[in-house]
């Protein structure tokens, strides 16, 4: 394992981060051509909170939170801490004390491919956490890892400075170089969705709005009344 | 995969659906002789909501929501949309736009053997969702499936028109032909449970109320005081 | 399987239980040298509730809640019911009626290595439940097990009278013989954490407070500016 | 749960079963339009054995093999025993003694949505077993179920008399009414695959043989040399 | 975590271990009243090997094999090494070098609630391994644990000197104090099974041999011919 | 999703690949400082085969093997095909026909974060496969992906040309730029292991060879005879 702590990593413009936070996870994911999602495994411990910010990354040994301590020092106002582990781990690597230190530095939340604890206190503090597990199980401080090298979390490659957006639907990561184009694509998607929503509220069908009837026909999908259905197909 | 869209499927009387909704999932499941439960894997994304209605079924390819669009058109006031997938899939097949279209048609909720997204918006809309996953991960519209043929969801066979009941405990399905007998059995069970609850509130024990003491004896279960317990059994 | 029901098991002093409840799961676990946690798999069905008490244990056959009925009779004011199963089981072994009977006896909650149901009602009653599953799936009463013999739940050995503490972070068990020393250790830890929290609120870093900088150095961890980073490490 | 034992169930012609066995699981599954597969969870305990036959079905309570005893009596020469459980179960429901009784009756194998044991002996006997688990964990005989009613195993609806085919790739089920058309479709597929295999052995590409190049183009897939690739895409 | 290494632990008579080895896992588990099984999760990396011996136990931190080194020294001729981890861990804690050291000391195998590697070499050496995972992922030597204190592995309490038996069906543990009674019960079971096997080979049914027909009747199980079956039950 | 097919990707010297293949997965992983392992989830379908080669990567949609067809064309003598999926998928994406085409091109094996089928035939052909699942479940050819862009498989970032090594212990990936230094480190490790093996065969202990006794002492680990052990610690 590389044992470096990297300082002074690049970050996006705060205004760009704000835009991505407003769009939310599902929109950003779609706007990037359905990429960047951390999938169904990392879940928020709270409801109704959206967090976005450039990633400060840490790679920890299972059951060892030493490198989170090193990562805290690298966090600046608005950053999101992203913690990967060298192998699957269920421990509660992170709790109230870390959240206290991070809130002092202006960090709104955490994404961790492991467990968190003190979840009640985190919710009361309004500190957002997206984690694979909730567990009281404590950690040691014995083995080296790194800070601000690229990490893989839930199948996504995340580099320091990439923008992490997290809400009730999960987490998405936007590569730093693609922030601008993603915002543009989000804007287009939001406009399109608003029009679709209005149409759906009026009763228009997706089949018509998206022009799917010819596709169904091309794929050989046929309509049949239940009354005409073969007995075998009714069962 | 059969590629049919079946129209004009049978449905139960709305009053019967209302009765089943009042009983809730656990009671209906018990009244059917402990059958019909979709088990522990499909979870609600909200708390405190009970939904019931005849199933409109859709079978989708993993990561492809084309047939949900076709299913929406088959939904009528009071129906519940039930989505199966041809193989396990974690995608967010369903979100706010679909819910908007379905609410317009009077559909109160969705059961899906896959993922949903826009969960915060769904909760705010009061649209019920029971899903195996929550994920922002988006889908394509490329591969055929079917609508209103029988499907298997979480180990249960569900046909269009079968009544789906869903609450905080999960989901249960009542075959259309068994709706009447199930309601009768539910009524009997509810009356019996009310009497049991009253007895338990007075301190009666299940051992006595259900006559279990002779069963324990027949099975060779013995009482022993901790003070008389073998050291080996205390550890 | 041993088929005994053990009566008159030992219990700790209620005041000691009260102290452990105040400390909460994470603190108790740490104070015992990071032992006793039931890990990440048993989750509460409610938020914001902490329960503690001596364990009354039951061992059930999968899908069979006969021995829970026997265990209820052994429960006294303040006890916590702990249910193990002879093999993994997803059923809803426990619901509102059991909770009614237990509340009558002064039992505040349940820890079960299986499923619960009637979760909405349990929340409304304020009866705490920590379970591996939520499922409406009902059980039979046909096979013997035991009550108040030691059980293994989620990898932890729990004997009757051992103190179970459960909150939003999960569950921890304190062996009866170690209650006193655990309270002492919790007090020390709480005092230390309060001081650390205050320091972190002032901006002190864990790296400094815990003296981790020499450890990082000993482990060969080096600092490097992003600007000086090898291209290969930036990707 | 229905508590019936159904006798004298329908069966396909043995010659048809022989044909399906020769084709194997993957071919049969494809010939049915990619349906009928029991997926990736039920695995053989042996290698290199293919079994096929009409299903005799049993539904057992978790940890209870009573109904397997009842099912043995319903098995005839060439049948395959198919065991479902009322909820997930890891027990070893089936071992050498059952296999001895079934081999006496001419049954070549078992498909079970649970566990088996005595796996070494089963392999030595040449009795095929496809199971979700291997476990020494024993069962009781206490709770009713049924025999030869339809069951769901690993998401597939299986009725008595439906043909089960099982090999190293898993298990597939052919509805009794579709046996004839499936054999015809298998023959076509086998012929086509032989031609494809011969072509591939000569170096033809799937892209050309299946005419996929226009599809790639229509989907917007473009070719680019690594030398011309954007730096961001190389990482 | 307790940080002790316990020496000179008790062991059973080698002849008793030999008897248990001959009986195998399923028989021993049944003879103990269906207890002691480590279930379906720990699997052998080889086929056809049975190992038995008194346990030398080690408790390791996830991803850290320091205590295995300490445990090796405590192993004597015929012992089986049993490794637990303080939390779930997928690493390959154990490989060819450890096996070399243990074979030198006369240890025939290992049971580990974690991963192993060098599996090809272990098979070639004839060193038995039962593990939760196979993984090349390496470990560190940084965190304390203990040797020869009781551990929980796969839900079973194992103390040093308890006899571990492992074969293709998994692993079972016999408490040291129960070795003698278990051997007696195994002998009875083996005799009974031999008689049953002979009867089954002659065509006798379990229904008759175990007297299950009256039980089925008492449970309300009825026989019905498929020809008389309700249409709804045939589907 | 990027929809590119990248041609003429870089590759290492064949002699370097040969060296890595000789070292095997565990040695390479350790030599890279315990990085690069694809963990415990991707398993070989055969035993005793080691494969190594530069990666040709493909990213497929779940249940869709279109891009594998495109990837075959990019494979050259000695390459290893590496298939990622855009979300978890259990399908059998790859079988005998693909293996036939790849063997014609000199490709020795496949690593796939999904399922394979025709496993018996693959074994008979001597074509190596490491997969997350075995399943007969077939795929469609409908949705675009890419070939020879970097992919994440089982938490590892793999770029075209990176060297993949796979054996009974799993899979490891060596970044192209680190092939030379990895070979050097492997040589050192192999020499060291041979010396250790020889020492262990003579009875030397790891505690002494690795100098671990002072570490145990520093960590506070103490030796105690079982006879002197506290009763509480014996249980």
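Order of writing sets the labels: A, B, C, D, E and F. Residues in every chain begin at 1.
The rule is simple: a residue touches a chain if its C-beta (ideal position, glycine included) is under 8 Å from a C-beta of that chain, and two chains touch if they have at least 3 such contacts.
Quantities reported herein were computed from a predicted structural model and do not represent experimental measurements.
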{"item": "Touching subunit A and also subunit E, the following chains", "value": "B, C, D, F"}
{"item": "Contact-pair overlap exceeding half with A-E, pair selected from A-C, C-D or B-C", "value": "C-D"}
{"item": "Winner on C-beta contact pairs when B-E is weighed against C-E", "value": "C-E"}
{"item": "Interface sides of subunit E and subunit F: same vs different residues, half threshold", "value": "different"}
{"item": "Rounded Å distance between subunit D and subunit F, as computed from the means of their C-alpha atoms", "value": "29"}
{"item": "Between subunit B and subunit F, centroid-to-centroid distance (C-alpha), Å", "value": "41"}
{"item": "Subunit A: positions in contact with at least two other chains", "value": "2, 34, 39, 86-88, 90, 137, 140, 143, 150, 235"}
{"item": "Chain contact graph, described as a line, ring, star, complete graph or other shape", "value": "complete"}
{"item": "Residues of subunit D that touch subunit A when the two form their complex", "value": "175, 177, 232"}
{"item": "Touching residues on subunit C, where the partner in the complex is subunit E", "value": "1-2, 33-35, 39, 86-88, 150, 152, 155-157"}
{"item": "Partner subunit A, residues of subunit B touching it in the complex", "value": "2-10, 66, 68-70, 72-73, 90, 92, 95-98, 100-101, 104-105, 115, 117-120, 123, 133-138, 140-141, 143-144, 146, 148-150, 159-160"}
{"item": "Partner subunit A, residues of subunit E touching it in the complex", "value": "61-64, 86-91, 137, 140, 142-143, 235"}
{"item": "Complex contacts: residues of subunit B adjacent to subunit C", "value": "25-26, 29-30, 34, 37, 39-40, 43, 47-48, 167-170, 172, 193, 196-197, 200-203, 205-207, 210, 212, 215-216, 219-227, 229, 233-235"}
